[in-house]
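Please read the structure below before turning to the comments.
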Amino acid sequence: MLKKDNPVTYICTSTEDAIFIRDKNLVEDLVGKMTFTEMLLFHLLKQPPTEMQTVIVDAVLITIMEHGLTPSAIAARETYLGAPESLQGAVAAGLLGVGSRFAGTAGDCAVLLEEIVGVPESEKSGVATAIVQRHRKTKTPVPGFGHPIHKKGDPRTPRLVEIAETVGARGDYIAAMHLLSEAMDEEFGKHIVINVSAAIGAVLCEAGIPATITRGITLVSRCAGLVGHLLEEMEEPSATYLWHLAEEKIPYAGEAGK
Amino acid sequence: MLKKDNPVTYICTSTEDAIFIRDKNLVEDLVGKMTFTEMLLFHLLKQPPTEMQTVIVDAVLITIMEHGLTPSAIAARETYLGAPESLQGAVAAGLLGVGSRFAGTAGDCAVLLEEIVGVPESEKSGVATAIVQRHRKTKTPVPGFGHPIHKKGDPRTPRLVEIAETVGARGDYIAAMHLLSEAMDEEFGKHIVINVSAAIGAVLCEAGIPATITRGITLVSRCAGLVGHLLEEMEEPSATYLWHLAEEKIPYAGEAGK
Amino acid sequence: MLKKDNPVTYICTSTEDAIFIRDKNLVEDLVGKMTFTEMLLFHLLKQPPTEMQTVIVDAVLITIMEHGLTPSAIAARETYLGAPESLQGAVAAGLLGVGSRFAGTAGDCAVLLEEIVGVPESEKSGVATAIVQRHRKTKTPVPGFGHPIHKKGDPRTPRLVEIAETVGARGDYIAAMHLLSEAMDEEFGKHIVINVSAAIGAVLCEAGIPATITRGITLVSRCAGLVGHLLEEMEEPSATYLWHLAEEKIPYAGEAGK
Amino acid sequence: MLKKDNPVTYICTSTEDAIFIRDKNLVEDLVGKMTFTEMLLFHLLKQPPTEMQTVIVDAVLITIMEHGLTPSAIAARETYLGAPESLQGAVAAGLLGVGSRFAGTAGDCAVLLEEIVGVPESEKSGVATAIVQRHRKTKTPVPGFGHPIHKKGDPRTPRLVEIAETVGARGDYIAAMHLLSEAMDEEFGKHIVINVSAAIGAVLCEAGIPATITRGITLVSRCAGLVGHLLEEMEEPSATYLWHLAEEKIPYAGEAGK
C-alpha cells in the first residue's frame, strides 16, 4: 500500500501516439481482441480473465440487465421527461436506485458465503445454521432468500449454477449456498426459494470478483438496461401517463378545501 | 405509434416460473447463450445482432472505457470519499459528466455523417464542404476533429475503421467521414486530426445504432471504467490527496484578512 | 479574468480559529445575522442583498418549492425505495429531472425579456412581436406562456408581480413581460395565459440574478421540496404502490407467450 | 398509518385557479408572507414554525453552506466541465458526496444525544460515558468530536449554542452534548474539540427536526453552496486546471513502457 500523500494510478497512461490501459497497448492489444466483458474483467482484475470468469460474468450481466418497469426504470423515465437534454442524467437517476434494498443482496449474500467457505468442511453446516439463527434473532431477512413472485423457485438460480459448473468453477461458494439453503429450510420448517441474488453472489465469488465491487457488476448491467428503457421512452413514451396516474391514484388527503 | 394515454412496453414480462425479455425466455434463450454486448444490442435493436454489429460495438465499448484521471473519474472518486456507503452514487456522479463537451461529439458527428450519406454520390463532397463552411461561419468546431495530444493522428481512429471494414461493414459512413476530413483539410489549409469521436460516430452508424442512443453506448462503457476507478480508489486512495491539492493550488484570492 | 492556468477562488478560506466566506467572518458576521435567502444571495451576488432582492427571491423560492407528485418527486421516491441508505441519492435523482422541459422555461423567458429591455422604448413593442413571430415560424413555443390547468390565468403570476412592485423593483422586465404577452395575444388572436415561469424570469431579472444561474434558484427551491417528499415517503410510503401500478397499467405488449 | 395499497399525499393539490400546499393557499397565505426557511419548516413540520425553530434552522443552513473547494464542490465543478448543458447534473453530482463520511455525523450525533436525553437526569452522565466507551471498544470515532484544523475549538460550535439559547431553546440536547463532551475528555484524558456537527445535531433536535431528516437540511444548504461554486466556475474556471494537476501529480505507476 502506497502512502496516502503520494498516490499513483495503475489504470491508464498516454503518449503522443499510444494509449496504454494497465500494461497493454489499447489499440494493438485490446480493441478488436476482446469482448466488453473481458475488458471489464481485465480492468477489475488487472489481468486477462479466464474463460470461466468471462462466461460467469457474462451470464450474470445478462441475468440482471432487465426486469421491466422497476422503480429504477421509472426514475430514469420520469427524469428523462423533465430533462431530455441530458441522457446521462436519466441514466444516473436510474442507477441511484440500484442500492441496498434490491441490488445489494447479492453482495451481502456473498459475504455470508465467504464466512461459510472460510471454515473447515466439518464446521460449514454449523456456520450456515448459525447465520440463519442470528438473522432470525434480529428479525433481519437472510439476504438472497425468498421471492414474491417465483414462489416455487427462481428459474435463474439453477441456470447460473449450471453455467458456472459447466465452465469449470470449483464450486465452493455454490456448495456454501446450498448449505445455507438447507439451514434456511430446516430453521423455517419449509422450503424457502433461493433467490437469484444468492446465486449471483455465489457465482461471482467463484469467478474471483471481490465482494467490495459486486455492486459494480450490477451497475454496469443495469446501466445497459436503463439505456434500453430510455430508447423505448423516446419511441413509446409512458412517463407522462404514469405521472398523471400518480396524481390520480395517490390523492391529496389534507385539509385544504374542507 | 400507440396513443400516449395507453402506453405499453415491449421490454419484459414475468410469469411465476419464467421471465421474458422481448420475445425470448431469459433463462432458456439468453443467459449463457450470449455475451453482454450481444444482449445490449438485442435490447436496443429488438433482434439478435449480427456478428458485424457485435464486433463493432465491442470495439467501441473497449475503446472509450478508460482514459485515466478524467474529470468524470475525479468526480466519481471525490464523491466516493464523501459517501462510501453508496457505490451507485459515485458511479452516477461520474456518469453525470459524460455530457455534451467530451462525450457528445460522437453522436453530433454521426448526425453530420447521416447528412452526407443521405444525398446522391455526386453531391456528397459538396455537402461535406458546406458542413465545414457553416461551422466556420458560426465559429463552432466541427464535432469529431482535432485532438490536443494526438497531434499526428489519433491511433484509435484507423483501428476502429479497420475492424469495421474487416467484419463487413458497408462503409458508407466511413466514406462520409473521410469526405468530411478532406473538406476539413482543404478549408483549413492543413491536416486536421480525425478524432476517435468521428470514428465512433461512423462505425456505430455502420452498425445500425440510432444516433439518438449513441450516448447510451458511451455511458455503458464509461460505467465499467468508473467501477474500475472506484475499485482502485478503495485500494489506492487518491481523492483526499487531490482535495488537499485543490485547496493548496487554487488559492483564496478574496478580501478577507487583508 | 485570471488566466486559466492559474485559477483562484473568492468563496471561502479558513484559519485555525476562523472561517471566512468571501470577505466576511462566518461566525461573527453571517451566522445568526441573516436568513438563508440573504446568505444565498450574498454567495451569488458577492455582496449583501438589498431588501428588494431578498423579498423577490424568497417569493420565487416559495412559489416553486412544491407542486405535488411531479415527475421529479416520483423519481426521488422511487430511488429512495431502492436505496434508503442514501437520502442524498434520492434528492439527486429528483433534481436531475429539473431540466429544460419544465424548469428551464423561466431562464429561457428571461433571455427574451433581456432582448426587449435592451432596446429603446419606441422599439420594444416591435421586438416583442418579432420574438413571437420567429417562434411561430419554427413552431417553437414561446417560453413562459400557456398552462394546461390554469386556463383562465396562473394565480402565481400577478402575485409575484405585485410583490416585486411593492418592494420597489424598477419594473423594466415586468413591463417587457406584459409587452410580450400583448404580442402573444395579438399574434394568436386570443389570450394566452402568462405562466408563472415568465413571471419568475421577469422578477429574478428585476432582482439582478444573472440569467445563467436562474436554474440554480430553481434547484435550491426544489431541493427543499424533495426533502419534504422523502420525509412523507418515510411516513406514508407510496413508491411501491406506484411501481405496481406502473407494471399493471403499462402492460407488456410484446410477442412472448403468443 | 394508512395501508400501503391505498397511499395518499398531504403535500399539495391544485384547482383551476388555486394551488394548496398542505392546508394553505400558496398564493394567498404563503408567497410573500414567509421566508424560504419558514416555508421549508412548514413543509417538513406540517405547521408554521416558531421563531425559535426558524432562527435555529437559518443559523444551521448558513453555517454549513460553504467550506470552499471540498470534495463535493470539486465533483460538481468537474461534472460541469463535461456537461455544461446540465446545471442540475453538476449540482446533483456535488450532492451525491454529501454522505455518511462528512455530512452524516450531525445526524449520527443527534441519535446519541437522543439516547442521553431519553433517560432520567441522574443517569445521563453514565449514559454519556457508556456511549464513549462502546465507541472506543469498537474503535469507532464518536460522531461530532475532533477537528483536523480547528484544534483549539471549532468556532461555529459556541455560536450555534449561543443562538439557540438566545432564542429560547429548552437546552436539553445542548446539555446532553456538553455531557458527552465531558465524558470524551475524561475517557481520553485530554480535551477533544466539539465539532460543529455535534452542535448541529444538538440545535436541530432543539428545533424539533426529526433525526431521520437531518441530512435533508444539510442537502438544502449544500445545494445553495454548490450553485455558488458553479457560478464561480462559469466566471473563473478551475476544473480543467485541476484535471491536469491530477494527471500530473497522481502519476501512472504501471508496467507500460518499462
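To keep things simple, chains are lettered A, B, C and D as they appear, and every chain counts its residues starting from 1.
Here is the rule we use: contacts are C-beta pairs under 8 Å (C-beta built on N, C-alpha and C of every residue); 3 or more make two chains touch, one makes a residue touch a chain.
Note that this is a predicted model, so its numbers are computed, not measured.
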- request: Mind checking subunit A against subunit B and telling me if their interface is mostly the same residue numbers on each side, over half, or mostly different?
  value: same
Magnitude of the superposing rotation for subunit C and subunit D (Cα, nearest 5°): 180
- line: Distance between the CA centroids of subunit A and subunit B (whole Å) is 23
Field: Geometric centre distance via CA averages, subunit D-subunit A, whole Å
entry: 31
Field: Centroid spacing, where centroids are CA-atom means, of subunit B and subunit D in whole angstrom
entry: 37
- request: Note the residues in subunit D that touch 2 or more other chains, in rising order.
  value: 7-13, 68-69, 83, 85-86, 88-89, 92-93, 96-99, 103, 238, 241, 250, 252
Message: With touch defined as at the start, can you tell me which subunit B residues reach subunit C in the complex?
response: 7-13, 15, 20, 22-25, 83, 85-86, 88-89, 92, 96, 250-257
- line: Residue positions on subunit B within touch of subunit A in the complex are 1-2, 4-14, 16-19, 21, 26-27, 30-32, 34-37, 39-40, 43-44, 55, 57-59, 61-63, 65-69, 86-89, 91-93, 95-99, 103, 149-153, 155-156, 159-160, 162-163, 210, 212-213, 215-217, 219-221, 223-225, 227-232, 234-238, 240-241
Residue ranges of subunit C touching subunit A (in the complex, touch as defined): 68-72, 74-76, 78-79, 81-86, 89-90, 92-93, 96-103, 238-239, 241-243, 245-247, 249-250, 252
